[in-house]
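First the structure, in the form of structure tokens, and then the observations on it.
Letters A, B and C mark the chains in the order given here, with residues in each chain numbered from 1 onward.
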Amino acid sequence: MIQIRIHGRGGQGVVTAAELLALAAFQDGKASQAFPSFGSERTGAPVTAFCRIDSQPIRSREPVYHPDVLLIQDSTLLHQVEVFGGLTAPAIVLINSTRNVEALHLTDFVTQHPGVQMYTLPASDLAMKHVGRPFANIGMVAGYAALTGEVTKASVNKAIKDKFSGGMGGLNVAVAAEVYDYVAANMTKV
Amino acid sequence: MKKQIEGSQAVAHVVALCRPEVMACYPISPQTHIVETLSRKVKAGEVGNCQFLNVESEFGALSVLIGASAMGARTYTATTSQGLLFMAEAVYNAAGLGLPIVMTIANRALGAPINIWNDHSDSMSMRDSGWIQLYAEDNQEAVDLHIQAFRLAEELSCPVMVCMDGYILTHAYESVDLPTQEQVDAYVPAFEPVQVLDPQDPVSIGAMVGPEAYAEVRYLAHHKHVRALEAIPRLSQAFQDIFQRPSGGLLDPYETEGAETILLALGSVNGTIKDAVDDLRKEGWPVGSVALRSFRPFPSHVLRHVVQDAKRIIVIEKDLAMGKGGIVSSDVKMALRGLPIIVDTVIAGLGGRPIPKTSVIDTVKRACLEGLEEPHFLDLNWEAINRELTRQQEQRRSGPTPENLLREMGVPGAKPV
Amino acid sequence: MSYQRVKFYQTGTFTVGNRLLDESDRTVQAGMDRTNSLDSGHRACQGCGEALGARYALDAVMRATHRQMVAVNATGCLEVFSSPYPESAWQIPWLHSLFGNAPAVASGVAAALRAKGKTDIRVIAQGGDGATVDIGFGCLSGMFERNDDVLYVCYDNEAYMNTGVQRSGSTPPRAWTNTTQAVGTDPGNPMGVGKNLPRIAMAHGIPYVATASVADLHDLEAKVTKSMAIRGARYIHIHVPCPLGWKSDPAHTIKVARLAVESGLFPLFEAEGGHVTDRTRIRNKVPVERYLELQGRFNHLLHPRDESALGAIQAMADANINLYQLLSSEA
């Protein structure tokens, strides 16, 4: 089972990100589950969402305490919320930022946690380019797919089209495509 | 057809297929997605001639359905927590009048203190109202139980509550096999009321009944629940025949064969419990679990039969009877009286506190090795409690307890999940 | 005016001639074929104004709907005295649910009829002032704002009578009840409190609102009949004396009701879409004391005389006369 935890702020589409991952996994023929950590959500407040993917039915209902994958949609959370809580190697961390791990002051963290692979991805910028709004969620989902192959790009694209109707679907698929290229060009796959 | 879908959406989809004629809804978290989706379906003309009323309160909602059901219409609504309490008078009234209303309870804690997260205190408060109470373990079950609920309610002329954990199930996005209209039509026949308002054949419904007959009327209502003990498994079998998957029934045993210790719970925590059972079994612990589907009527005989060879039943319940302890565990103890079985009460998950698998495993081990105090509170912050008790003893005007505790525990949201 | 009012002037007798009217102008109650929706054998007190009001109203509805109607009743005197287990005085389909939900239950009945395409069957909701003005107020307002096709009839005897005469939001100023007793410096119900449900109904903009009295049968029946020709939320507020709670002579029920109208304290009017459209003029205005003196619940205002209170009550009556032009001969 893969356990994914997504951190962001209310209004950034964190729950949608979790659902896209779950939907993509479903299209891939896997069992998947997505749900938010139900807080008094309001725009701007820290929110968390979870996604589990497995080859057999998922029965667990607890929050993800020990994520295998951390997607951090808003880097301002890094030193405000305990986003890394429960992170156990081997694990992947993907952070939405134009800066690299060093510029985010996380090199020490990486050194202290062998088995944790940390990446940054300018997901908001890539979204701005195509959609005109800095919704990083699409990019983060696509980035995860591209890095790990745990969900296929084809399923991610289909999930995007299912969730976003009309023109928006097409634009978001373009964002995903750009992210796939970016990852291929700039990052070593897991 | 399997679809990855939010629990609320799945329930709304299926309720619409059951051909309700009148729905009256008042919004309350976490049920809102259900009623929003149903209102859209009705407005879009997807639910035949169904009438959807936006009402002024939950009390109004159930009252509207009382009138509509008495007029011979198939009726549905959804609520939770404070809303269920607000309609409490109507809840008892509907059951007493024998109206086959179906209602979703998106289980949520009761205030004060106000809390929007999941536990079972709301439906527990109505456990003696005369409504049948069914609890769903996952969203597939939630969907299937609604279909069975309409048929069960109308067969017995008794209202049915389908309970699904608020947020944990309503807002969970997972795979559900959604039935077709044909399948639902094959399972749920047209509503034929036992009593109906009809100008051609006038009757008075809702008369006062004095000491000379009230007890008999109440016994007959209780008798419907006795009949439900037979009807629920039968309807579950009929469901399997049409929908080609097992669903419903009074309870669901898991790995109880040869189990010395059996966990028992209602609702979604059974998923986590099954994982815990598997882990414990791998370590050599003879553990099993029972998921109770029907809480009212309480399936005493069937439960007794399933667990009679166990040494210990650990009841994990998301409710707390003030001044007493367990509610479900009390019913379990009654059902098992005379048998040499220890029944532990574990109060867990109140107000939406997560129940981690590790806590379940630790509790089972502790129960078997040392025994548990009665009741046992899972994962309670005893330090914070004791500090508050000291504070209250030292100063008369110690202030609102929630404020003190929240201050102790820091700003919510800044802590890890 | 919905009908041509015919005035009979006869002295020395109370048998005023329905017999002198053309059959088509006679009241429903005068007909041999009246439905007796609320049949005899019910357990109302001697002189109960509500029993009268309910029979008048429902028989008129039965005629207007060709007997295609369903009634929803709130808990209260009417519900209790009409359905003493194991008997029922109702000749119509009748549903009693709770104290506070009659308007909502009626909305539900109407919704079911719409769902089944049986909208020729009409729905009446009825209750006393307690159920209407207080505990059922939320549901009533909801029914109004949704404009559900329900006629709500309130039988206003100005207190919670079935539970032993306690004050409601409809209890008039200075009246004694068991929870506003005639003791202390401010005996009886305080001045300046209470709800005017007809005007609140009007504020919802519903198609039809009217007040009526058991003292004027023609007027009451005409209003009920007119309301049944309209679809949507409608409200009729009927003044019904309660000899027990008002401490009046059971033989005076109609007289007391008439004096309430003739003093101006209970104005008879109609409103559509939130605006007053017509009123029933006062034939012989009487000072409020003629009305108050027949009721023991106002004893403390007359013995000894409380001029200030009487003056205030007279002022209320005069204000109504002005507002609704109850004495004016112009429309």
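Note that contacts are C-beta pairs under 8 Å (C-beta built on N, C-alpha and C of every residue); 3 or more make two chains touch, one makes a residue touch a chain.
Quantities reported herein were computed from a predicted structural model and do not represent experimental measurements.
Taken as a contact graph, the chains are arranged in an open line, each linked only to its neighbours along the path.
In this assembly, the chain whose C-alpha centre lies farthest from chain A is C.
The interface with the largest number of contacting C-beta pairs joins chains B-C.
Averaging C-alpha coordinates per chain places the centre of chain B 44 Å away from that of chain C. Centroids built from CA atoms put chain C at 66 Å from chain A.
With each centre defined as the average position of its C-alpha atoms, the distance from chain A to chain B rounds to 34 Å. Looking at chain C, one finds that none of its residues touch two or more other chains.
Chain contact summary for the complex, chain B toward chain A: residues 4, 6, 30, 116-117, 138, 165, 167-168, 171-175, 268-272, 274-275, 352, 354-357, 412-417. Those residues of chain C lying in contact with chain B across their complex are 67-70, 72-73, 79-80, 83-86, 88, 90-98, 100-101, 104-117, 121, 138-139, 141-142, 145-146, 148.
Considering their complex, residues 21-22, 24, 49-51, 53-57, 59-61, 63-73, 75, 89-90, 93, 97, 197-199, 202-210, 212-213 of chain B touch chain C.
Residues 5, 18-19, 22-23, 26, 31-40, 45-46, 48, 58-65, 80-82, 85-86 of chain A touch chain B in their complex.
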